[in-house]
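Two complexes come next, and they have one chain in common, chain A, joined by chain B in the first and chain C in the second.
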Partner chain A sequence: MHNNFELIFDKMVTKLAGNPLGKQVFKEQLLGKVNYENNFTIIIPERIDTIASSFIQGFFEDIVKNIGISGIEDKVSIISSIPDIKNLIIRNLL
Partner chain B sequence: MDMAALIVSITAAVIALAVAYIQQKTDHKLNQTNLESVYFNEIYKEYLIKRLPNARKYIHIDSNGRLTDIDKIRDELNSIRQDSLYYFYNDGNFYNKLKLKCQSMEDYLIRSSINPLVGEDQTEFFNKLQNELKELYRIINDKFIGKN
Partner chain C sequence: MIVKVKNDQFLLQKNGKKQIKKFKIYNKLIVYKLNKSIFDEAVIKDIIGFVNAVEEKYHNIKLPIHFDLGLIEIRDKLTYIMFECVCNYLIETCKRKVIVTVNAKEHINTEGITSSPLLLLGTNQKDRFSKFIQKFKKEIYKSHYRRVIGTEENNDPYLLSRIMSDIDSFLKMFYVTKQHRDAITEVIIELAGNALEHTDADCLIDLDVTEPYEKKETTGTFYGINITIINFSPKLLGYSIAEKIKQKGILNDRHLKLLDAYTMHKENFSSQYGEEDFYNIASFQHKISGRLANESTGGTGLTKLISRLEGYSDAYHCYVITGNRAVFFVRDYLSYNKDGWIGFNKGKDFLTQIPETELLSSSTINIPGTAYNLNFVMKKEE
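Take a look at the complex of A and B:
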């Protein structure tokens, strides 16, 4: 099981908002494919310049259930053009 | 006569005990309300009086119709939500209302910044933003005055 996940969005999409969208993206692109035993990387396309807290909570809901917030801190790398993306995500998980 | 005096004494004692009990309950509730009020002011005063109005000032629509400078108010909405976590444990109903409002406002701001806003869209945007802020203030103020 590879553990790098480059998220795919429509080419016109530059902003992510909405809890249901976050859940949908996770369900379609990560559910059943991610190995929580190992470290993994989520790659957010460079053109995405804004991510709402609602999207973050929807997308990471399952990941938090499985490995917790400290698991995300330890095991998950996030690549994005948004500065300090990992801290942004951790802060907005609650 | 002695019997009557005895009955009056007992009745007076029972009433005194009841009054003392009610007083104790009232004092306890008052202390709790005062403490809640301290926490409430600590959490929300700065946001309502300074931080949200200041962040709101930055929002504007540029000459191309693009909604810009929404990051400050987004940060404040997320911050107010995170600082409200005390109520996640203390009053889940209030916390959920507040969280929903903050996040729906954030989503609205982000979605409004995707495409240019032209003509009436701009008026509609600012009207809706005003109403959303009013609603957020109402949710918080209602909690403070005990309506929530």
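Take a look at the complex of A and C:
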């Protein structure tokens, strides 16, 4: 089980969109590796400057099912060059 | 390789055939002469009826069609884009040549006609038909962005992300602020994503940014952001949700509430508000998704995005047509209540009140699929 997840994307991509892509990234890079009992950190590459709500909803679907939105608020840290990223994510999950 | 637009024949199949006793044929051209100045959806319906009649009578004789439209005032962007779809169908699918002569009055909502591939069809350029097909599918030129996303491209998981970058880069060339750019790109991507995910159909995106305009009654300079998004599919906007709520076993609490709302709304169905309208409105609800899994996220808050863009605008004209019904997006009716429901009514109450019927209407043209017309007039920031 990991605590830090440094997400890997196609190197040419600076924006993330689409529910299926969000689900796919979660499945490939977090599923079965994340321990919901502990705090964990998601690191988004610096070049990613926009994340559409559909990606957020796809990516966080399993996380919300397991720990709820309050769990994300309490246990998940997100490192990104996008200002106020955590609020953006929560707003799109509420 | 350029692939034919999937399902574009549906538009022709759904809109009837005109009874024409005698076609006007001049210089070996079948002529469609428009005798009115407003170019609206009724004209598109009439043109489709004419095309179907031509195809029936002259199926094996490929006489070109001349659309002689004269001086016209185009109703909105979606109207001339639908006409482009008809021309593309004739040229690409029916292998019939098309000539278009038109002189359109300039308007901030329809300025995109000046960069439409339709204009090629009024020229004598040797390769105008192959160029038309190309530009119909893809073009980034001056103030015009066009992209038809083919279902075959959907194997690339980053497709929407890349298109989002393309649109953002396109908008950066103009005076569109970052805040507005972000909202515009997200609306387009979410609508295109929904079309690709739920319908297995191609999706046409068209976007233009107009020249600056002055207004008589207000100071400042204004520009138009005009967006059209179309997909042709037997699955209409509310289809996935209508199918989903039949399967009670997979419904979460929110979808069960939707089912309760359906029971109440059904009591109030009338000639102005019917089942199709209910599911159309349902598809814009927060956390309501047509995906068949029992999800706790999903439903993209599209109306929130459209409402945000309308909030940035000085004027707007936004609606969607699906089948033969239309829903208008009017800002005052686009807010969510504290439980995240959007009523499309004064009470912001979806669960126990029907929407304002003025926001719904029948559509003269039947769109087999979904077609959005989003026009925003924005004040240029100095």
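Quick note on the criterion: the second predicted complex is superposed on the first by the 93 of 94 C-alpha atoms of A that agree within 3 Å, B and C clash if a C-alpha of one lies under 4 Å from a C-alpha of the other, contacts with A are read in each partner's own complex, and residues count from 1 in each chain.
Just so it is clear, a residue touches a chain if its C-beta (ideal position, glycine included) is under 8 Å from a C-beta of that chain, and two chains touch if they have at least 3 such contacts.
These figures come from a predicted structure and were not determined experimentally.
*Asks:* After the alignment on chain A, I want to confirm one thing: do chain B and chain C clash, or do they fit together?
*Replies:* clash
*Asks:* In the overlaid three-chain picture, which partner chain does A:Ser53 touch, first (chain B) or second (chain C), both, or neither?
*Replies:* A:Ser53: touches chain B and chain C.
*Asks:* Per the contact definition in the header, classify A:Val64: touching chain B only (first), chain C only (second), both, or neither.
*Replies:* Touch status of A:Val64: second partner only.
*Asks:* Name the contact category of A:Lys15: first (chain B only), second (chain C only), both, or neither.
*Replies:* Touch status of A:Lys15: both partners.
*Asks:* Check whether A:Ile78 is in contact with chain B, with chain C, with both or with neither, and answer first, second, both or neither.
*Replies:* After superposing on A, A:Ile78 lies clear of both chain B and chain C.
*Asks:* Should A:Ile43 be classified as contacting the first partner (chain B), the second (chain C), both, or neither?
*Replies:* A:Ile43 contacts neither chain B nor chain C.
*Asks:* A:Gln24 in the overlay: touching chain B, chain C, both, or neither? Say first, second, both or neither.
*Replies:* A:Gln24: touches chain C, not chain B.
*Asks:* Is it chain B or chain C that touches the larger share of residues in chain A?
*Replies:* Counting residues of chain A touched by each partner, the higher count goes to C.
*Asks:* With chain B in view, single out which of the stretches 8-16, 62-70, 80-88 or 188-196 of chain C clashes with it after superposition.
*Replies:* Comparing the options 8-16, 62-70, 80-88 or 188-196, the clashing one for chain C against chain B is 188-196.
*Asks:* Using the superposition described at the top, list the residues of chain A that contact chain B and also contact chain C.
*Replies:* Overlap of chain B and chain C footprints on chain A: residues 14-15, 17-19, 50, 52-54, 92, 94.
*Asks:* Within their complex, state which residues of chain C touch chain A.
*Replies:* 157-165, 168, 182, 185-186, 189-190, 193, 197, 291, 295-301, 340
*Asks:* Which of the residues in chain A come into contact with chain C in the complex?
*Replies:* Touching chain C from chain A are residues 9-10, 12-21, 24, 50, 52-58, 60-61, 64-65, 92-94.
*Asks:* Quick check: in the complex, which residue numbers of chain B touch chain A?
*Replies:* Against chain A, the touching part of chain B is residues 74, 78, 81-82, 85, 88, 103-104, 106-107, 110-111, 113-114.
*Asks:* Given the complex with chain B, which residues does chain A contribute to the contact?
*Replies:* 14-15, 17-19, 50, 52-54, 91-92, 94
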